[in-house]
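Below: the structure, in structure tokens.
Letters A, B, C and D mark the chains as written, and numbering starts fresh at 1 in each.
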Amino acid sequence: MSDRQMPPAHPFDFDAVDADKLHEECGVFGVNGVTDAANFVALGLHALQHRGQEAGGIVSYHPEHGFNSARRFGYVRDNFTRASLMETLPGELAIGHVRYSTAGSKGAAIRDVQPFFGEFSMGGAAIAHNGNITNADALRRELIERGSIFQSSSDSECIIHLMARSLQRDIPARMEDALRRVEGAFSVVAMTRTKLIGVRDPLGVRPLVLGKLADDGYVLSSETCALDIIGAEFVREIEPGEMVVISGGKVESRRPFRAQASKFCIFEHVYFSRPDSIIGGRSVYETRRQIGVELAREAPVEADLVCPVPDSGTPAAIGFAHESGIPYGMGIIRNQYMGRTFIEPTEQIRNMGVRLKLNVNRALIRGKRVILVDDSVVRGTTSRKIKEMILDAGAAEVHFRIASPPTAWPCFYGVDTPQREKLLAATMSEEEMREHLGVDSLKFISLDGLYRAVGASEEGRNNKCPQYCDACFSGEYPVEPADMIEKGFKLKTAAE
Amino acid sequence: MSDRQMPPAHPFDFDAVDADKLHEECGVFGVNGVTDAANFVALGLHALQHRGQEAGGIVSYHPEHGFNSARRFGYVRDNFTRASLMETLPGELAIGHVRYSTAGSKGAAIRDVQPFFGEFSMGGAAIAHNGNITNADALRRELIERGSIFQSSSDSECIIHLMARSLQRDIPARMEDALRRVEGAFSVVAMTRTKLIGVRDPLGVRPLVLGKLADDGYVLSSETCALDIIGAEFVREIEPGEMVVISGGKVESRRPFRAQASKFCIFEHVYFSRPDSIIGGRSVYETRRQIGVELAREAPVEADLVCPVPDSGTPAAIGFAHESGIPYGMGIIRNQYMGRTFIEPTEQIRNMGVRLKLNVNRALIRGKRVILVDDSVVRGTTSRKIKEMILDAGAAEVHFRIASPPTAWPCFYGVDTPQREKLLAATMSEEEMREHLGVDSLKFISLDGLYRAVGASEEGRNNKCPQYCDACFSGEYPVEPADMIEKGFKLKTAAE
Amino acid sequence: MSDRQMPPAHPFDFDAVDADKLHEECGVFGVNGVTDAANFVALGLHALQHRGQEAGGIVSYHPEHGFNSARRFGYVRDNFTRASLMETLPGELAIGHVRYSTAGSKGAAIRDVQPFFGEFSMGGAAIAHNGNITNADALRRELIERGSIFQSSSDSECIIHLMARSLQRDIPARMEDALRRVEGAFSVVAMTRTKLIGVRDPLGVRPLVLGKLADDGYVLSSETCALDIIGAEFVREIEPGEMVVISGGKVESRRPFRAQASKFCIFEHVYFSRPDSIIGGRSVYETRRQIGVELAREAPVEADLVCPVPDSGTPAAIGFAHESGIPYGMGIIRNQYMGRTFIEPTEQIRNMGVRLKLNVNRALIRGKRVILVDDSVVRGTTSRKIKEMILDAGAAEVHFRIASPPTAWPCFYGVDTPQREKLLAATMSEEEMREHLGVDSLKFISLDGLYRAVGASEEGRNNKCPQYCDACFSGEYPVEPADMIEKGFKLKTAAE
Amino acid sequence: MSDRQMPPAHPFDFDAVDADKLHEECGVFGVNGVTDAANFVALGLHALQHRGQEAGGIVSYHPEHGFNSARRFGYVRDNFTRASLMETLPGELAIGHVRYSTAGSKGAAIRDVQPFFGEFSMGGAAIAHNGNITNADALRRELIERGSIFQSSSDSECIIHLMARSLQRDIPARMEDALRRVEGAFSVVAMTRTKLIGVRDPLGVRPLVLGKLADDGYVLSSETCALDIIGAEFVREIEPGEMVVISGGKVESRRPFRAQASKFCIFEHVYFSRPDSIIGGRSVYETRRQIGVELAREAPVEADLVCPVPDSGTPAAIGFAHESGIPYGMGIIRNQYMGRTFIEPTEQIRNMGVRLKLNVNRALIRGKRVILVDDSVVRGTTSRKIKEMILDAGAAEVHFRIASPPTAWPCFYGVDTPQREKLLAATMSEEEMREHLGVDSLKFISLDGLYRAVGASEEGRNNKCPQYCDACFSGEYPVEPADMIEKGFKLKTAAE
């Protein structure tokens, strides 16, 4: 049932630049041990807004006022900064979530916005989930058969129903029970009346970090950039397969799952995470810059200007320019006043596409051989339009350099990807793509080059047991996508 | 958990006139077999708005678009008349609900607005409930213990969870299962993908009627006035303990409950129902007028003017004037532009009370002996203020005549009543009340007189087996209010 | 220029009952000498809401914060009761205005909402005007020619521009200058930084009364009912052609115009004013009841039930029933939850018409000979629909009795009337109207009967010099409607 | 009078980064000869949004529907992209305006949002003004004395009143009359029913360019970047002192003013204009990059990293890095989800300041000697906070390099500047500023260096007759700021 408590948030998303990217679905954040914890969560979610712009939610707990919740469509800064709303979220313990809607759900509903809450006989619990449960359809069928009533279309709701049905007598134990039934990728932040809880799936596909505030306050966050905004100290990453239960200034570490080799999402380095976050002890900015350096080594070309496709291509372009010695310049200017979508737009706005967001710096481009550095090519629609704008402005040559390998497979672990057929690299060779885009040259970084740039190893990818999840490039899925296979998705064959 | 998806609808309800009335909690309406069924439901709910002004909801089903739902705070006419909203509710089958918030729930939440929906393995179902479940607390505890997750604070949600856990293979049978577990008063309208269902509890405390449209369309409604607005023909009342399952132009009648003597709420005649509705073959207006006639016989007084307290006292005042021969006149004028509450009112508005809604027709009142006819006295706060206004305007005498017996006991069957201690008649004798109100005389209709007026019998009330539920007057509760007794409510003792 | 700062308030007004009435355009209210004067104005405007439901505005003055203004579409109670808005209107001096949009202006604009404000070299002034300026077009042309820039399409704006151009050195004197140029009907409430000012045109077509609060507070109001709500004492009516300048607890009376015989609007008695207001020392309710008495004498008929068309026909119906001895009963029930219009309604709502607001009390009507008492017949569209509903309910006969003479001429003095061709009585005889409406009999009160009922004289109308403006009935316009004649309106000829 | 038709848009502006910049007040745009001209204006205003984010307005003219106007607070993209609003602005001729509120006006009012409209005897006209009228106070006093009623607190409204009072028989001639009375800086775009008009003041302080669409369509815009977005061809700049009257595909050029040496605002090059605009035949990006080059020559320093303060310092930082050979890197990351202000923010949000928008890329900064390149220092508050963030992140040294000379004087020509006392450079020497900011070195580009970078001359500034208006740096005001002098502002003395 689609409960249209709000007008459909996005009649359509024609924002061509962002639409032609992969999208992280979520960011999670939780804090305890501070007055007005919800305010800290709001700031943390603001810093994680790049992980999900559609909607956000916060749940807090206060001994007198109980659990309170607020969920809103739109940016954190437009909702969760208002005193009148934040006053309704009292307490020293709170968690929150920002989300990007998945391709599957048409017509967003506030019911689908996390955190999800359940009242159990021993008290309430709220959860916020980043990732994707690959056996959610089967779990949902089973739970409905046994009498559970689902309120949303979200895969994440399975977790709270599994918890409700667990026979364990305390909530963290129920959560262990529940998550052992769940397959796929999950970084979960949860709360009870007294505890802040964080868990990562056994492969550690999605990130989750622990931070510390003064006194006994602790923080859980998808990325370190959200620790900076509230002045929290970065303690460490939650480990793959680890559950931390935080209460009274103590952090208890549990290991509910069988040990496995970790498979962190390599695309977090390429695009999802913010450049000022630290992953694996290393700045994401520096990794991206290094990708540019590798790319300049792997695919050099004679040219006059290295120009980033703003803003995500910028660090790699800086690295490319530095390594190649070709001058760096802002050949494309981004309009800072663009949000993500329009409500009920005019026909004309609908047809504007990229031009609403990007303009070419014609005087700089004219007559030059230009290297455009972008983070990835998904459908290729935006790349074509950018190329046209650059040529219209009088560029002599256009060379694309892409800071990731060809994206040829969909992600089933919490990233919104088009169907395989829509991915340019799934149906074309590199040369066909070059022709399709109509550029003078097109080069992607190699998978080994990417592994080198992220610091995995000097040799690159360990093909026997890859150090990262790179299914979107390699088609090798570390967890079988059960629901999708049931729906007809074909795994890579030995021949491919 | 209070999910504040909307600003608290009613920071407080200081609308003194209405606040000093008993309030029906709900109206229900359903229709099938017509194009755009939701539009019919909207009209029906508009006609039932007097049964619940806080919020309303509609669920519809369309073979292609599935179940859709919209729930809103505020009047039906302000929400469910807009084309843009109604377009989201397609289909030939729809049900709806208007609600008045109960005293217990502070801070209304859209989650509490019905209809409630559940997805079962054999398909979805939606229910709308008028009444109150007297063992809801116990049921909720049991359901939570077994893993159900409640989404609202409403007693009615128990029904859908009981249905979800039933082992029956079709939805009407699951509904029978569920309602056999439920105690109290319920008139329920429900729907599946193909069926429109109506049920009344074995005592038939709350009303529910069946209507017919052209072709194969059928209607279920709390009152007949909502049939008139859509041009439906009144067929008959659903009988106490009856379930009707309507599909394909057929009305199947079932009897899921053990037979019992019916106990229709007598206050529906006095105040809740609209005067143009028909109950038991008789116009509510005519019944009220007849109450006035009885009252004039039981409690005559010499006076110059019979004046209704608008608008609910009007029919009884007309009857009183007619029987007594004393001229009828509008001594109190009601401002038509008053809604129920104010958002964030100024101090001054907060203190205005009755004067915002009522003004005395001073020229008519001056020097006269005035009989004021009102439907009931609950707390007595408004009656005192009206008396003061009448005296300020120069009335020579003020005589109150009340069209119901003293309201001395709370209702637990779906009516919002103050705690017993707040009911004037629970703590004072009639003479004490007269003194408290400061009027020259105060008379209530007798219980027998009321029974005569509603046409129960010439003799009045059958005290051995009363023909109606009159617990609010008599303290004799036809269903034991189990949850309330657990919370400390004391039943009437033999001594009382 | 139509500055659409708000969505068009009324895409169309299909509310059939109200649409087939004449509409007063405005109510005005002002107060000084009290803390938070704007709160008093809000209450006064709420009591005057029946004079204009489209929009309202308040201007206040505070020595430190200067002049402040707020103008809003919608009911007073939905806007001017909020603390957050009222805090922006500080000071001890304030005026306000409610308006009904005139037929001519399509697409309401907030710019047209009064009070209007002008900054002069000696300080600011605000004005609120009830009535209509019959030479506004000519004045506007002249003012534009001389360099004035109009901000609204309102005739009332001429007044403030004439004041701006006056060479007088104080504002009341400028106002005298301005109003001497103006023709037509005007009751104006105005304010400067220190003075509250009230004026009525020489004929006194529109009402304006003076009230007194405790201490030195004074009130100006369109009607006395608005004095009651704030507890002000009624002092007297402002006289035709009088200007009062109130300051420091003193009321100075001026006479800026040449004396003329007064021509108060007789329709204020019939329909516009609230029944609890006092006009000419007499309750409007009592006058209307007396119209019913006269009507019963002039046009008796054998019947079983006297039934008002609610709510405006009620007092006359009470009088008719009393005089005729035929029982009074509520055969038509009004839905209390109807506002005036709908935003973007569904097709179905659009076609509902009268049934959204009125329902027949079928049990009461069936088999009866019914006398329907209504205040007036304008287009006749609603009367026809009501007759149909009554016959559908099984009435044996339907007799219309109308509490005013046939409305055959448009009003040009501040009342929204259809073009002459649309007035039923302009094109049909009484018998033709009866046939058109399809009723058993149709009778209007005579002009003399109406004059008797309002207490003008036992003989009725003084045809040589009528005691009232009755142009809508008689076609005798006390002020020549210059703009309308220029636009082609034909005055009554000697032959008519 | 402050007409609070909307809640005060900006209870306060604590957005520390932007608050410590100078702000352009306005952008103007107009187009004719295209269907749905208002849509083109919306796109143009979106591209000019950096010139004013508070509010925007559009006026269009259609032969049948007349002049229509819409004015809104907030971003163009949130208002003027909606089909339902744009449909209310039909026609082939339209102009628009975006505005930044001036420091002086507290409590923004929709009345102050341009374009302004006036109805004259020969038809209506609308104007949109970028700049500031330095004798507006005197003009307003005179106009009020003569009977004009002002509707806004804007200086620009004088122009339309002067036009209304002109005795000329056509509107362009009235506009010439009006503008000859006006002193200061003005780039005006205006429209009548048939003509699109553009004017620049004799000194040409603010920019205005002419563009051409296919067929007979013409465009006027503050900057060329807004031509790009609608695919218009850049024709030429409107010349200082020139008026163009565009109609029927013809551009007529007039010279209403006495010739003077031009004084274009040099700060447009430094900060106001978008980097992809062309001024004087040269890309603004290239000029800024060149400023960085000059700065590296004038003020070299040994360091490890050149880091821009995003985003305005970026081009100069690229130039500095290139010239100095020191690596360029993004040491500060900007949160893309920040708007300008918050409505009713929590205490915590209020105190966050720069951290809501900027975060340090700690891994890149740690241990490095960092050169921070920013465009200007106004109050210095943000510079101090950024320095602290950089040091907290472990930078070894911090060197500020500023892409403009010290800002020591307020602008009176349409830029929002703090009072002189608040400008850091007005009260401190360069060394005092360095100490105040607490950095290792602080250097501003020289005035001559800036003139070289903008391409004025190899020698730099012509001190006898400067090629630009540089009053904010030099204190030499090309037009006497009459109103400000009356209010007590002291011009630079010979001694200074």
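Just so it is clear, contacts are C-beta pairs under 8 Å (C-beta built on N, C-alpha and C of every residue); 3 or more make two chains touch, one makes a residue touch a chain.
Nothing here was measured: the structure is a model prediction, and the numbers come from that model.
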Worksheet entry | Joint neighbours of subunit D and subunit A, given as chain labels | none
Practice prompt. Name the chain whose C-alpha centroid is most distant from the C-alpha centroid of subunit B.
Written response: D
Worksheet item: Any idea if subunit C and subunit D meet via the same residues, over half in common, or different ones?
Response: same
Discussion item. Suppose each chain is reduced to the average of its Cα coordinates; what separation in Å results between subunit B and subunit D?
Written reply: 62
Worksheet, complete the sentence: dist(centroid_CA(subunit C), centroid_CA(subunit D)) in Å evaluates to 50
Worksheet, complete the sentence: Averaging C-alpha coordinates per chain, one finds the centres of subunit B and subunit C separated by a number of Å equal to 37
Worksheet item: Among the residues of subunit D, which are close enough to touch at least two other chains?
Response: 84
Worksheet item: Can you name every pair of chains that touch?
Response: A-B, A-D, B-C, C-D
Worksheet, complete the sentence: Residue set of subunit A touching subunit D in the complex reads 36, 39, 42-43, 46-47, 49-50, 53, 75-78, 81-84, 86, 225, 228-229, 274-276, 278, 282-283, 285-286, 289, 311, 314-315, 318, 322, 327-330, 333, 335-339, 342-349, 352, 355-356, 359-364
Practice prompt. Name, in rising order, each residue of subunit D that touches subunit C in their complex.
Written response: 1-5, 7, 59, 66-71, 84-85, 88, 110, 117-121, 124, 141, 144-151, 160-161, 164-165
